[in-house]
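Below: a set of structures, written as structure tokens.
Two complexes come next, and they have one chain in common, chain A, joined by chain B in the first and chain C in the second.
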Partner chain A sequence: MKYRIQSYSFLALTWLTLFLLSDTRIHAQEAPQKVFVRMEVDGLSCPFCTYGLEKKLKKIDGAKEVFIDLQAGEATFIVTKDKQPSKEKLEKIVKDAGFVPGKISFSEIKAKKEDER
Partner chain B sequence: MNAKRISLIALLALLISACSRKEIRPVQTERWVFGRIIEIEGVHPLGITISDGKLWLPDPDHKRVLQVDSRGRIVTSLSGLERPMHMAARAGKLFIPEYTSDSLRVYEYARLTHQRAIAQVDALAAIAVIDDTLVMVDFYNHRILVQSPRGSFSIGTEGHDSGELYYPTDVDMHEGRIYVADAYNNCVQVFDLLGNFKRMIGRDDSIGVAAGLKVSGQELFIADFEGNRVLVYDLEGNRNQTLTRGFQSPTDIERAGDTLYVSN
Partner chain C sequence: MKKRIFFLLLLWGVAYAAQAHEPLYGFGPHVLFKGGFAPHLTLKWNQNEFESEYALGYGLTRNWTLIAELPWSTTDGEYRISGTGLRSKYRFWLKAGKGISHQASLITRLEMPADGRGSLLSMAVTTGQEALHLYWFASAGYGLRMGGNGSAPGHRMIYNFSIGYRPYKVNYYKPDIVFFLESSGNVFARSSENGQNSEESGGGNFALAPSFFLTYRNYALRGGIQYGLWNAAYAPKIERNFKLTLEVHI
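Take a look at the complex of A and B:
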């Protein structure tokens, strides 16, 4: 009887371990949903403006690949869906950086599986 | 007459440029005349500084500082810098302000020091050094910071009147005066070493963006980024010449004897 209980316990532990490993693997393959943010910015005149706005946008939690196009008057960056800032927050950042915010758009980027990266 | 003509011809303005090759233009009978373009492939220098006779250029697009020779060939590249801006050279040292990390790096003995954070600065845009005094441009706080062993203080507050600054971008020191490129007040403002306002230069000359400056001898040079020109003044603020040939969007000026370098 004692031997049987030990066997069942061992089997349960094995299944639990396998389940947890399997669950972890699923999560590792699912990249967080990303959002591409594009903002029109009026008043970008020189490199100091460009890098100044870049500096401010990089402070947004989770913001990556921040790029300022001086000629186009446009700022873009990528952020995960769960950290997507509001339009109001972005407008304030642009204003505080010394510029006039224009149209702001968010578009989702399809998550890639681990082996596609 | 002959001696004067020879000296005028010797005063050449050399241009650092990343744009396509342009023909050498004829010499004019002005104090500064166009000399030639030094092409540097794929580089948009935001400034220019001479240290120990060598040309150094901050290349913030690629987060590096370059030393180039007279043909524009890259001799040394200091990489991993956080958007380096207007630099200064003093006693064999190259002082490099980092715009996005608000830190100062120093290059000496072929070695780059660790970042030295400058407290309470938002976008360190430029530095000037004389003896033990550092004068730095705090772009987003619209002020100049002066640091020396005797103490520290700031010059300027946000505004548009005399002594007030609006997004300053460059600084230089000369004969007891601090010259500030007050980019979006479209002028240069002059202070004494205690921070007292002395004069405003170029306010009536329709400067687009006063992105950089240089004071040398009895001349002040202002790089008008948006106006595609370099304005030359005496130290009283009288405009003597406007340079427009051969460059676009000038960012800074450096002088070595009778040669003027303009980064663009």
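Take a look at the complex of A and C:
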């Protein structure tokens, strides 16, 4: 009897471990890697003119959390890695909005940070 | 897209507007972002007259904006369309740094009055600075009046200089205000009638106008009062008048 209970417990634990492992794997595949994009934009001084830049940034496929800081002279947003726009595309967007592009940087957001969000 | 066209048609039908992102009584170098629309409504009035203007701007390229204007005014006690106008603004110079930009543009404007006066073709060069706290604009232009009804009214030189100050820290997500002091004036050449210069024509005038530029994101309200300070020869003194402009960028 004791041996049977031990066997069932072992099977149950094995099943649970396998389930949790597979679940984590699925989640890891589902959550795409995200990228934080930071762009220095020269000429940002007037909120009324800035709307054109915000409008164009929001049109980028997958762009989320678009934020423009006039004091810092920069625009930031988050995008998934598979939809990350090129520097050339971002420079064109800034120019079409009537501004001058500066330094553009991309930094990957760690999954842990993503969960915290 | 259909929604946008409907919205623009609706605005065209019910509103009469003009440009907010310029001195209220002059020109400025600002151009619209590429693909952007800017309907604006301008109201101007004094003791005797009421004028309104509806204009629609479109950002053809990042440096070139086209603006169609439809002015209305009270003439002989009737309120009607006083003409049509088409303005092209091309920015040929832009220098920008963190929180500051300097620009210069060339403006060409064709105004076709509906009352038989000659068309007015104007060209102006305008430059200016926009920064987190300090603004200034300077413009000079020449208006070529093409004779109507057999007469040739005098050509016109226009100039303006404005300074503006933003007293608060700017934040894109909050309402913003800039206060301006605008100066503007005209110099009129003599008119001619059947090839003869009219002695009782020509001159100059000058006016000052305090104004404000209140914005929230893509909405702008601009208003001011213009005081005529000086006139010479046969140029009329600019009457005290009030002006309001409402503009939206879409």
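Criterion: the second predicted complex is superposed on the first by the 82 of 117 C-alpha atoms of A that agree within 3 Å, B and C clash if a C-alpha of one lies under 4 Å from a C-alpha of the other, contacts with A are read in each partner's own complex, and residues count from 1 in each chain.
In this text, a residue touches a chain if its C-beta (ideal position, glycine included) is under 8 Å from a C-beta of that chain, and two chains touch if they have at least 3 such contacts.
Predicted, not measured: the structure shown is a model, and the values here were computed from it.
Chemist: Answer with clash or fit: chain B and chain C placed together on chain A by superposition.
Modeler: In the arrangement built by aligning on chain A, the partners chain C and chain B clash.
Chemist: Can A:Asp69 be said to touch chain B (first), chain C (second), both, or neither?
Modeler: Second partner only, chain C.
Chemist: Check whether chain B or chain C contacts more residues of chain A in the superposed model.
Modeler: Counted on chain A, the partner with more touching residues turns out to be C.
Chemist: Tell me which partner A:Lys58 touches in the superposition: chain B (first), chain C (second), both or neither.
Modeler: first
Chemist: Quick one: is A:Pro47 in contact with chain B, with chain C, with both, or with neither? Answer first, second, both or neither.
Modeler: both
Chemist: Output check: A:Leu90 vs chain B and chain C. Expected answer is one of first, second, both, neither. What do you get?
Modeler: After superposition on chain A, A:Leu90 lies in contact with neither partner.
Chemist: If you stack the two complexes on chain A, which partner ends up touching A:Phe99: first (chain B), second (chain C), both, or neither?
Modeler: In the superposed model, A:Phe99 contacts chain C only, not chain B.
Chemist: What part of chain A is shared between its chain B contacts and its chain C contacts?
Modeler: The answer is residues 45-48, 51-52, 54-55, 97-98 of chain A.
Chemist: Which residues of chain C touch chain A in the complex?
Modeler: Per the stated touch rule, the residues are 20-21, 30-36, 59, 62, 94, 96-101, 130-132, 169-172, 176, 213, 215-218, 220, 249.
Chemist: Where on chain A does chain B make contact in their complex?
Modeler: 45-48, 51-52, 54-55, 58, 97-98
Chemist: Mind pulling up the chain B residues that touch chain A in the complex?
Modeler: Against chain A, chain B makes touches at 44, 46, 60, 83, 85, 99-100, 123, 125, 139-140, 167, 169, 183, 208-209, 211, 225-226, 251.
Chemist: Given the complex with chain C, which residues does chain A contribute to the contact?
Modeler: Residue list for chain A touching chain C: 40, 42-56, 68-71, 73, 95-100.
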